[in-house]
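We just call them A, B and C in the order they show up, numbering each chain from 1.
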Amino acid sequence: MNTLAQTLFNGMALGSVYALVALGFCLVFKASGAVNFAHGSLLLLGGYLVAVLHEPLGFAGALAVAAAGTAAAAAVEALVLRRVARANGPAVPTILTIGVDILLLTELARRIGGDVLGTGDPWGAEVLTIGGVTVAQARFYSLLAAALLVGAFLAAFRWTGWGLSMRAYSSDAEAAALMGVRGDRLRMSAWLLAGALAAVAAVFLAAFPGTGIDRTTGQIALAAFPAAVLGGLGSVGGALLGSVVVGMAEALATGYQQQLSGLGSGLAEVVPYAVMVLILIVRPQGLLGAKESTRV
Amino acid sequence: MSDRSAKAHTSVTDRVRALGPRRIAALAGCLLLLAPPLYLSSFWLQTGLFAMVAVIAAIGLNLLVGTAGQLSLGHAFFLAVGAYGYTWLADDTHRSGTADLSGLGLPPLLAFVAAVLLAGVAGAAFSPLSGRLRGMYLGVATLALIFFGHHAMLNAESYTGGFNGRTVPEMEILGLSLGDADDGLAVLGVPFGGLERLWYFGLVLVAVAALAARNLLKGRPGRALGALRDSEVAAAVMGVPAARYRAAAFTVSSMYAGAAGALLALAAQRVVPDYFSLLLSMDMLAMIVIGGLGSVAGAAAGAVFVSVLPQLLAHYSDALPLVVSAGSAEPGLGSADAARFLYGAALVLTLVFAPGGLVSLRGGRAARALRGLPRPRRPAPTLPSTSPQPSAGATTGGDTLKEHTP
Amino acid sequence: MNRRKFLAAAAAATSLAVVLAGCSTKGGESAATTDKSGIKTGPGITKDKISVGVLTDLSGPVAPLGKSALQAEQLYLKQVNVAGGVCGRTIELVVRDHGLDVQKAVAAYAEIEPQIAALGQLSGSAQTAALLDGIEKDKLQSIQIGASGTVLGKPHLRLMASTYDIDMVNGVGFLVKAAKLKKGDKVGHVYVEGEYGGNAAEGAEFAAKKAGLTLVAQTVKPTDKDLTAQVTALRAAGVKAIVFSGVPAQTASLVGVAAATGLKVPVLASAPAYVPQLLATPAKPALEKMLYVASPWPALSVDTPSVKKLVDDYTKAYPKDPVNQAAQAGNAAGSLLVGTLKAACEAKDLSRDGISKALRSLTAYAEGFHEPQNFSDPAKASSTKTYIAQPAAGVPGGMKQIQDATEDPWLAEYLAAHGG
């Protein structure tokens, strides 16, 4: 029983980090209709900036600068994306993000080399014990931070003018423009937010029991892709739900791998995708994705 | 002036006129492609064969992404099906080291064809998703294939040999081995080993792949897919069954990947799971974008660019500024990093400044000059469409495609 | 227009001529010849130079290790060349970077194979696997950096020192004594998917069975950074010790989480699981207390003249790069190469076959290895002994030695069972 509780908590903690990443995917998709394959590299950039800057600036300062820097990088990507002609099909903007990813990742990997960089986070290797379940302090805070950030985001989405414009814009860009919504600014704000969230996710990923930033840190994005898609691309609630589902599935597959050994070893890597494929077969638009209405 | 030179070479130009300069140029190119085994070292032959693999795979992927507008990041999986499929079908059941490997022991050529079909079956098996999912959803869903494939390659050891992979049986056509057989075969004094022989096999495959794709694009399927890409509703109104065409495009495209994979296996002589990573899928997408989406020649050009560039840089790193050779103590950019920067930048710049890819650059001035014609205006879309700027490429199918194909 | 047609025709004619003329310079294989002093030579040998290939990762994920190993070998060969070289010839390295990319490795191999006498350094397990057939076909003697026992048995692929599985058999033997493990005790077994982890697991499983221990197995994927789930499972099972074969970042997570959650048991790790940089993570105190590393190489902080010389020379030549186990392996590869070429020179046969034979004639070769190594049988590891070390800050290599090269009594039985 204790193991189950512990495993479920691990799943939640994992899901909370996925949520920060998947929310970024979701925002970008809403704004630009592209899946951002450079998101993992943006995350790595955020982590790298914190790692490099935490000594002169302190952790909080470094995180602030990193979030701003990553947001700026995302904004640059958005600007490039705006220039792309979509004439050659809807896949083109997404392919562009692959190009951005190659450039960003090559440079970051070159700088990081084989190092494991610490981020100087304040949580150290401390653990908390709650009701027989032991959790690393950093994991507890990552859950808390994710909940706060996501809550704040949802509130803003629901109740502020920005949220209203965002919803209007993503449901009908032309009509929203006619009503005075400035599409360019809105798109940019989504990208900036996605970038900043990626930097925050990087810090929690690096914190204990993770072991800092290395060149593969950005690969978390590969597990967050299915989270965003199975929930329904472009649906904020879907991204959150998907993150929890994927986090749980992965933690269960790892925690109970001895019982599942008949399926071959290394199952945890496959599980997010298996769950996603099963859901997509039943619901091609994802769990909470809106069925695309088509206008002629 | 042109008249004079024409008169001086009447006998040649008569025939030339019958063929047309573009075909002559293409013919000359084809002839030149026959020469490398006589001159180039095995390194360049190996690189060339890998480039041919990339060309075939890219042409196939282009059918899906460029023409049908569907994104796939899972094509490395179908290459793996082709590569392992061929190896398993052609190899005998035997024991290698500590592993028992199974195999069917089919004749190699039959195994090759069967491997291509197997990849097609794998692609068709994905049709519940490939037929129903659109654009980005399909793109991410196909990522699943990479992970499933990797899992299978590592765990199904009796078929794949696990992490260390397995030896690929040699191709044999009508009794002629395409491996390093000791039969003393030499052409014009050059001994012909496995790579030299495979070169011609690869060329034939590339030619078949290109011609088949061209015919497919020119015909009804190409137009239907293009219409689907630009507007599903409009296409449906015109009588194109969306799900069936999408699934079919995916299947055909995976058969191309299967053929490429089987050729890759032959060229590499040993298949290991590490070939078939997400990186390979991404490289293939980069190829078709750099070359020019929706064009057969573009896919080929992009494939050659992306697969040969790193080798060129590594080979000539001593002579290049800024790039340092492997193992040198000087600080500088390694050739592998330089190649990735170059091709990442090429990908971004192509999409931003020349969305038509390499072929559009050539197809612009050079092609116009060759034909002595003004560039045709972008034809009006034949179908009503909701997309802001309907593309010329596929909506009108045949007409514009001609311009892209040599 | 017509002029263009003419040009096109001319181009076609020229290309046809080029193809048919076949005035190719591409000749056949350079056959083995004999030089003035009666030494048989082969590819890669000229009258004053011996070319040796290096195929390693200098730009990919393990580039820093590849670089260390390469630099150490370059350093060793430089010293040999300054002292006059081998057989009156200097040794020159032809280096290619495969960036852990299989396709690049295959192409690079095809490029350098015709011009080298041996492959002095080959790294990357997938890359090695892809080249297994090519190396045998070309009879190119190769020295592999890396120690997975599954590639043993290929006549031309030489591994150095002990392999991962041997280290695990010896390591578990050490663990049984150190942690006072009894029959029936549970031991956690965490290993990474793939070649290295799988090979190490074979050894660990054998030794555990012999000692009557029950293994609680958990696999991780190479990209996992957070091993909380695995530690949770091990804690629930009540393990008394942990055997681990993964990547360094995972070691810090595993040991850190175990310590933080009160699972304070000894952890035995394979050599690739540890790098000195881990001492900069929050897990440092736990690592110093709980971790033991089973390694084919002595700790760099030991007080042996040969180890000291390597540390001093390397630090002097590359003051910015820390000396590590990869440098030890590179140094050993250089030494083995020189030893082989010297033996081949004495036998007056520098052909590829001669070099292979010379390598197999080395049955007690110690230079660069500290323990005499037996290279006579390609199917067997050259050493059956393992060193045990513990993390320690402020010393070269970040480890202090706990136990000198030791062979466990069970090992002979393990090797007999896996000798095939």
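Here, a contact is a pair of C-beta atoms (placed from the backbone, for glycine too) under 8 Å apart; a residue touches a chain by one contact, two chains touch by 3 or more.
Quantities reported herein were computed from a predicted structural model and do not represent experimental measurements.
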Check: If you tally contacting C-beta pairs, which pair wins, A-C or A-B?
Finding: A-B
Next item on the list: Report the chain whose mean Cα position is at the greatest distance from that of chain A.
Entry: C
Checklist line | Between chain A and chain C, centroid-to-centroid distance (C-alpha), Å | finding: 37
Margin query: Quick check: how many Å separate the C-alpha centres of chain A and chain B?
Written below: 33
Notebook entry, point to check: In chain B, which residues are in touch with two or more of the other chains?
Noted result: 154, 334, 337
Margin query: Two or more other chains touching the same residue: where does that happen in chain A?
Written below: 110, 265-266, 269
Check: Multi-chain contacts in chain C: which residues touch at least two other chains?
Finding: 59, 193
Margin query: Help me check something: in the complex, which residues belonging to chain A touch chain C?
Written below: 2-3, 6-7, 10, 13-14, 110, 113-116, 118, 124-127, 134, 136, 139, 205, 208-212, 214-217, 219, 251, 254-255, 257-258, 265-266, 268-269
Notebook entry, point to check: Of all residues in chain A, which touch chain B in the complex?
Noted result: 29, 33-35, 37, 80, 83-92, 94-96, 98-103, 106-107, 110, 222, 225-226, 228-229, 233, 264-267, 269-270, 273-274, 276-277, 280-281, 284-286, 292, 294-296
Check: In the complex formed with chain A, which residues of chain C make contact?
Finding: 59, 61-65, 193, 216-219, 221, 223-230, 232-233, 236, 248-250, 252-253, 256-257, 259-262, 275, 277-278, 280-283, 286
Check: Which residues, counting only chain B, touch chain A once they are in their complex?
Finding: 65-66, 69-71, 128-129, 132-137, 139-141, 143-144, 147-148, 150-151, 154-155, 229, 231-234, 237, 278, 282, 285-286, 289, 293-294, 334, 337, 340-341, 343-345, 347-348, 351-352, 355, 384, 386-393
Note to self: Which residues of chain C touch chain B once you look at their complex with the stated criterion?
What the structure shows: 1-6, 8-9, 11-16, 18-19, 22, 24-26, 28-29, 54, 58-60, 70, 74, 93, 95-97, 99, 101-104, 106-108, 110-114, 125-127, 129-134, 137, 150-151, 153, 193-195, 198, 420
